[in-house]
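Shared between the two complexes below is chain A, which pairs with chain B and chain C, respectively.
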Partner chain A sequence: MDYFFDKPIANFATRRVEAEEKVTGKGKYSAEYDFPNLVHGVFVGSTIPSGKIVSLDLEEAKSIPGVIDIITHQNRPEVPGLKGDDAKFMFKLFHTDNIFFDDQPIALVLAETLEDATYAATFVKAEYSESNFNTNFHKTKDSQEPEDIMAEKGSLESWEKAEFIVDQEFKIAMEVHNPMEPHATIANWKDDELTLYDKSQNVYGVQSQVAKIFNIDPDKIRVISEFVGGGFGSGLLVWPNTIAAAMASKHLNRPVKIVLTRPQMFTNVGYRPESWQRFKIGADENGKFLGAFHQAKHATSSHTGHTDNITGLTRKHYSFPNIKTEQAQIQLNISKPTWMRGPGDASGAFAIESAVDELSEKLNMDPVDLRLKNLSKTDMYGKPWSTNYLNECLQIGAERINWKQNRKSIPGEIKEGNWNIGYGMAVGFWNAGRKDSDAAIEMKPDGSIVVRSAMTDIGTGTGTAMQNMAHTFLGLPKEKISIELGNSDLPYAPTQGGSWGLSSLSGGVAAACKSLKTKLADYAYGSKFIKGQGNLKLLKLDAKGIRMEDDSLEPVSYESIFSQNNIQVINIEESSSPGKEAEEYGFCSSAAHYVKVKVNQLTGDIKVLEMVSVADGGKIINNKAAANQIIGAAIGGIGMALMEEQKFDNNHGRLIGNDLAGYHFPCNADAPMIDVSFIDKPDYNRNPAGAKGLGEVGIIGCAAAITNAIYNATGKRMRDLPVTPDKILMA
Partner chain B sequence: MKPFEYHKPQNKKNAIELAGKTTMYISGGTNLVDLMKKHIHEPDKLVDLTEAISSEITVEKNGARIGAMLSNTALAENENIKTDYPLLSKAILKGASPQIRNMASTGGNLLQRTRCPYFYDTTMPCNKRNPGSGCSAIKGFSRMSAVIGYSNHCVAVHPSDMCVALVALDAKVEILNTTGETEIIDFINFHRLPGDTPQKDNNLPEGAIITAIEIPRNSFNSNFEYLKIRDRESYAFALISVAAALVLSGNTIKDARLASGGVAHKPWRWSKAESFLKNKEATEENFRQAAEIAVADITPLKDNKFKAPMLTGAIQQALLNCLSNN
Partner chain C sequence: MKINHSYSRRFFIKSSSAFAALAFIPLTVRSFFNEVKEKYFVKKQKIPLSVSINKKEYQLEVDTRTTLLDLLRENIGLTGTKKGCDHGQCGACTVHIDGDRNLSCLTLAVMLPGREITTIEGLADGDKLHPMQEAFIENDGFQCGYCTPGQIMSAVACVKEGHTGSVEEIKEYMSGNLCRCAAYNGITKSIQQIAT
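Coming up: the complex of A and B.
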């Protein structure tokens, strides 16, 4: 382990590096780049979920002034990766007459203005031969038996007759990401080079997948996602808008822009699939967990796969001597689901954490104490945790909401008129991952630097964190450090997903900072400087130049370094990879969520009155941005628990009410002030910053904390999300 | 959106002259523009009424008169309305979002169309949008649908909150018909039930314009409540809403008003329950009985059986809040 940067990262709750660009509108999101000659593309979606296109009538649409062309499966330019048996995309976009899901793009109308394209799109008429279809998850799920997703640990038989057992079923509705910025692409194909301005969480991923689909060298593709207005996982994959824009730009030899409409955001960029779970847990009379049996089934598309690892969490945060986990993915005539914030675990935690709450009641134990008693000391492979502060999260959260005094163990004891008040809690847990990541630094003679990475910033404050890290690693004042992100010309970065973004990137930034220091020392002191970590640690960059903290060498100005050595710029690029630490340790982030709710016994109305989240994300690099993540996740948890549900009309096999009026997520009035705190202890085994990811852990367990609080208020166990007021009354 | 002619007449007379089969009037446009974007309405001529029709409000001793172009925000925030007709103000503020209320007009609020999701999806059957095509909601998603006054042709509900308060407050709608005459329609008769012509939402004669809303003077400004049960706290339509208002003498109910949104094709008055409450004591038990009288008349659909207990509870809670909330 390289302890080169042994000082903790300063926790700067400063404004974001991109704040001014965002609030003044200077920062450009993918759809905001302008080109003379820009063509606007609008998708026409299928109105059936399954079947074949028999005929298309484009005549009227083509007659609309401004229309340039309409791409369909009948006239599309051929794209190598979209035909044949080994198509390189989730379905053969415009290369098949088959319909796999409601609102599948069947035509792309290309026009001089967005208005012309939108209007003309309404005249595209398709005739279909409809096939039988099935979009009904709950009616279909019993047709398929779940299978082991990992080898069984111990045996189910050994504990299934335990004295204390909870065995329940849980349901969660389909949820959509719908970040504020809709998915959008501008593709500009010039000669044999393609530039994509694409809403993405992964510029290198877009580059490599588009290269495969078009069968060209990835180096010929440039992907720019400089500003990203939220993601939640929908930006991890390449979706039809990117492929279609590239196809159309090549076809017309003009730049082409496609912006998905809000309803298309429900049908073409993934979602959290509807799920069913059974969770059985057993304990002895002392509350020691004996075993867990977790079954899960979720909906998926029949034309391409997706697995949410819903049962994965069962092997992580508690210590179960016996574990059996089984899953099944139920294929339906629906669009492709994908990872959504806390994928798998957010769903799984609802079942696990609800069942643990129910078990605590059977045992007549406090649910916090029951959890503390059963936290796992190792990861699922038996490795010790590098750092795991879930116990502290639990204790601090309990203090902050005054759990012991406020919460009554008997449901419905606290009343205000027809309102019942209740307290609930649950925990979240997530692997603290790290991936390969590079970074570059460019230094100018005035001592200013630009730190560069291809990583996107989906609103999490990545750029600001990079500035904080570079400032701490080098000593250089922050105003001298600028950041460039979100471009495939920049050094390699992994996806911004899975909560590994900052953890990975810190390795690249640290390596580049170390390399810059070495280079500056070489230029300034040559052989006088004894190379080695000790001395490098003492080397500091200030506003004007470099110096040794122990004054062992004379300070040297940047100006003289650059002029003496006759250089105009210093360029550094370094790589970083996780080391062998994952062979020795388990890595995790964790959180404890505490909630106070009130539920009206007459009307079923539910109000979340207080939320306390305490998270362990290792060293916190920027308090404001980190708290922002946890607040956003907690509000996502309120949505998951109380209102988010995309509904199907199974008679037509189609979504209904798929817009932001029909699909409810919380507004400010639904969320209390959220009390966030962090353990803030570094894990230097993981990366040089000591930071662990925070993106997912805030939402995992939130829904169960809320439904556990509803139980404490009403005595009603709500196991079917979302818990809308009608469900309270009918329970 | 289909191309259209845009007119902005400066007075009522010129506005009426533009009436025609393919003409539509627009004020705030908060619903109509969506409907035009979705090709549910495709007017050839759009007549902007914002300068032709009054947005003045006067509150005098015999009642209030509200110009049809007054914005929902201005109406809800008007000091005289907040003092004399606070139920109306409260109902408006429970509807839509601040941005929409800023744009939406009083007259337009009455004329907004149902939010039944099938009405908005032009590729699915809907008798209100496309008469004779069938009702997708009856066998499909009927959670938000009506529980009273519906027909085999349509189970949609009227979405307004403001209108629930107006029907409770015995408002009247002043209209100008195409022959230039002013007519008054009792609010309770303005909207209609679907029957076999669900495409008609109301009894406004073709080409006529709503010019004002009148509310007679009443004493419902001390004990009132507008309670809205919905899936989120703002920008969500009612699962059930209840406008309740009482005139009390001591603890005796001298007069009562009860109306609901989220139950029918029109804002619904619970007259039997109102009569029951008159001259009764304002007790929890009487409120419960009033709620049961109202709920006895409803017939929920397959997805909205919850509306029976929810309506029972909401009426009781609203009446209780009349005694304590204000």
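Coming up: the complex of A and C.
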């Protein structure tokens, strides 16, 4: 256990550090930096899903007033990482005449104004030789057998004759992240240095990949993502807008801005792939799980791979003596999928948690009790959980929605007019990861500090968490602590993703705070200060100076520390890494979701009336932001369950309704007020703050909780997401 | 008489599906359309515009194709108003025109002489935040903050319109403003707090 935490972090419910910039519109998102001489770039996408560009007619487009140039595969500046067989990007953007998916960027129109570029883009004409294509996942998925994704545990045969078996198939439609801020980049080359204002979750990731693609020193690239308008996974990788803006800026020697249109957000920055699953589960007459057989297939692009580990969850939260998991990726002429909130597990949980609900009915057992009976005591490698409070999540959630009282075990028992009422539940689970992360602190003579990290804040409240942690570690009042983040000039941080952001960052902030304390004690007390955990713990930073909590040494003001030692500033930078704790323990976050729905018998309309989520995210650093995460994830779960679906026109290989009128995610009225609570117990084995990630676990299991509630309301098992009203009526 | 300048999300779903249907009309009709476009659509024209934004008078030369949203963001540096879809589907670009909420992405700048526009930058009274801005901070009515200016402009209008009778009513009248982070609890609570 780290020495800081005899007194755990207070559960601050604070204003976000960047709150004022967000409510006044002053915060600058990537497309909002002002440059004189700025060039606007607009992509032209292919109108076929597969084939070759035969010719391009740019004459008319170039004649449009304001157009500066048009970049295509015929005239692009050569970029080393985009040519040859070992191209370092998902496809050879503007370095190939091959078309791999519909709306693949084939030209970038560069003009003096956005209107000029947008208008001119409509005049770019391409002739293609079209190849056969296939965008139909469900028609194609049987062509490929799934293969073991991990070694089989036990055997399938050993539970073949289990008394209770559920064996079902599940489908989930393609979902698109659609953060509210469209992906955007401003690229500016000056001499041999490149600055990128980029919508990204990972400034160092962008820096290193762009460096590889352009074959330049990463130190020559600055990436700034100070305000990021949501991500959900779409900002984890580098996408065409970043590469094209850099290419164009180099070409024109001017700053270039590219902002994707909303339809382009469906083809250029990833999505959660469409999937099929088969889940078979067996139990004995006491409800003890005997085995699981989980098969999954999902769509991916033909030009570059992607794997969603959909079957991974089967080995995590329940204890199965026998497990077999198989997967296949089905290659289609579609754009690249990527990780989306709760990648793999959100899909897998729908099958697992639906099947467990069905099993509970066969067993005539309460689904909560059945889960409690089968929770895993160890991780998949047999290591004990460091902390795992899923059982408490289940119990607290059941109390909050009054499960025992409200939920009827026979479906369709509660009716109000044409509406059927039902209750359902399911659980979520996610590895609680941690990565290397640095942090720096600068202190001024007035005792104010700046805490710095390159970590991005994608709405997660990262900056506020940094402030809360520094305040707790040091004692310094929060108004003296300011934050800088989201910039590759700042100390290293991993990507804000995978729910490891705060967990990783807490290590860096704790190390820097400890180092600052040591330095201040050196300056103030010299050899009088006996270094050691106990004394460092007693050392507190007040508004005006430092003191020992036990008054063993005289308080010293910052002013005198700085003047006596003749210094103007104290600079600290520290690194942190996970230790060997992962060799001893398994780490997880978990959640239980309880839902009340009503389903209209005549129209098939479904309304989520209540939603209770209880999550174990270790120590909660900021109640408000953490609750907000879980609220957002739960509502994301409503979207996944009831409305989110991106369809293909398989005759033309193109998307249908690819905008926010065609692709529905929940609006305010689609969601009830979500009831969130936390276990709020620290896991100090994981990191000095005792915090575990929360971003993913809130959505995992939500869809199944909702479909289980729909079953409880109607007696209809819905295994094909999203559950739109037509599916209810046809079931 | 009070003219309602706001449009429902449903209206745009309907109208954009009508345009989507155009994609399926025969090629001959399309080439005819292209010829019409060639002939009648003015490629680029700038006209003078006097407009009042956040109580400041602007004398501008604007491209006739420029939306109010792009005028704000690209021409006069008021980037607080956000572009989420450019098609009236998300509400991120909501501003007030003569005190009513409007979608700036569906408003051409040239339509605005004599109108009074208020953006998120003009909502606070100097350094003193508007009570709705304070309420959003207090109730954590946002995460990433990108839809927030539009939410706040809509929220202020929602209170003014009197659509705050219940949680359900607030949710209904705030459903033209999408939030992918889904900070809807906080948004709804902020409005409740200001309305009561």
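Here, the second predicted complex is superposed on the first by the 728 of 731 C-alpha atoms of A that agree within 3 Å, B and C clash if a C-alpha of one lies under 4 Å from a C-alpha of the other, contacts with A are read in each partner's own complex, and residues count from 1 in each chain.
Everything below uses one rule, namely that a residue touches a chain if its C-beta (ideal position, glycine included) is under 8 Å from a C-beta of that chain, and two chains touch if they have at least 3 such contacts.
None of the values given here were measured: they were computed from a predicted structure.
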- Task: Check the contacts made with chain A and report whether chain B or chain C touches more of its residues.
- Result: C
- Message: For A:661 in the superposed arrangement: first (chain B), second (chain C), both or neither?
- Response: both
- Task: Considering only the touch criterion stated at the top, classify A:726 as touching first (chain B), second (chain C), both, or neither.
- Result: first
- First (chain B), second (chain C), both or neither touched by A:259: second
- Task: Mind working out whether A:18 is in touch with chain B, chain C, both or neither, as first, second, both or neither?
- Result: second
- Query: After lining up the shared chain so the two structures overlap, which partner does A:179 touch, if you call chain B first and chain C second: first, second, both or neither?
  - Reply: second
- Message: Contact-wise, after the overlay, does A:651 reach chain B, chain C, both or neither (first, second, both, neither)?
- Response: first
- Query: So, does A:629 touch the first partner chain B, the second partner chain C, both, or neither?
  - Reply: second
- First (chain B), second (chain C), both or neither: which does A:119 touch? both
- Taking the superposition as given, does A:460 touch the first partner, chain B, the second, chain C, both, or neither? second
- Query: Which chain A residues contact chain B in one complex and chain C in the other?
  - Reply: 115, 119, 657, 661-662, 665-670
- Query: Considering the complex alone, what residue numbers of chain C touch chain A?
  - Reply: 9, 12-13, 16-17, 20, 43-44, 63, 65-66, 70, 73-74, 77-87, 89-90, 92, 119-121, 123-124, 129, 133, 136-138, 140, 142-149, 152, 167-168, 170-172, 174-188
- Task: Name, in rising order, each residue of chain B that touches chain A in their complex.
- Result: 1-3, 39, 115, 117-118, 120-121, 123-124, 136, 139-141, 143, 227, 229-236, 239-240, 304-307, 309-310, 312-314, 316-317, 320
- Task: Sort out for me which residues of chain A touch chain C in the complex.
- Result: 15-16, 18-29, 31-32, 34, 64-66, 113-116, 119, 177-182, 227-232, 259, 261-262, 458-461, 624-625, 627-629, 631-632, 634-636, 657, 659-662, 665-671, 673-674
- For the complex, which residues does chain A have touching chain B? 47, 115, 118-119, 122, 417-418, 600-605, 642-643, 647, 649, 651-652, 654, 656-657, 661-662, 664-670, 724-727, 729-730
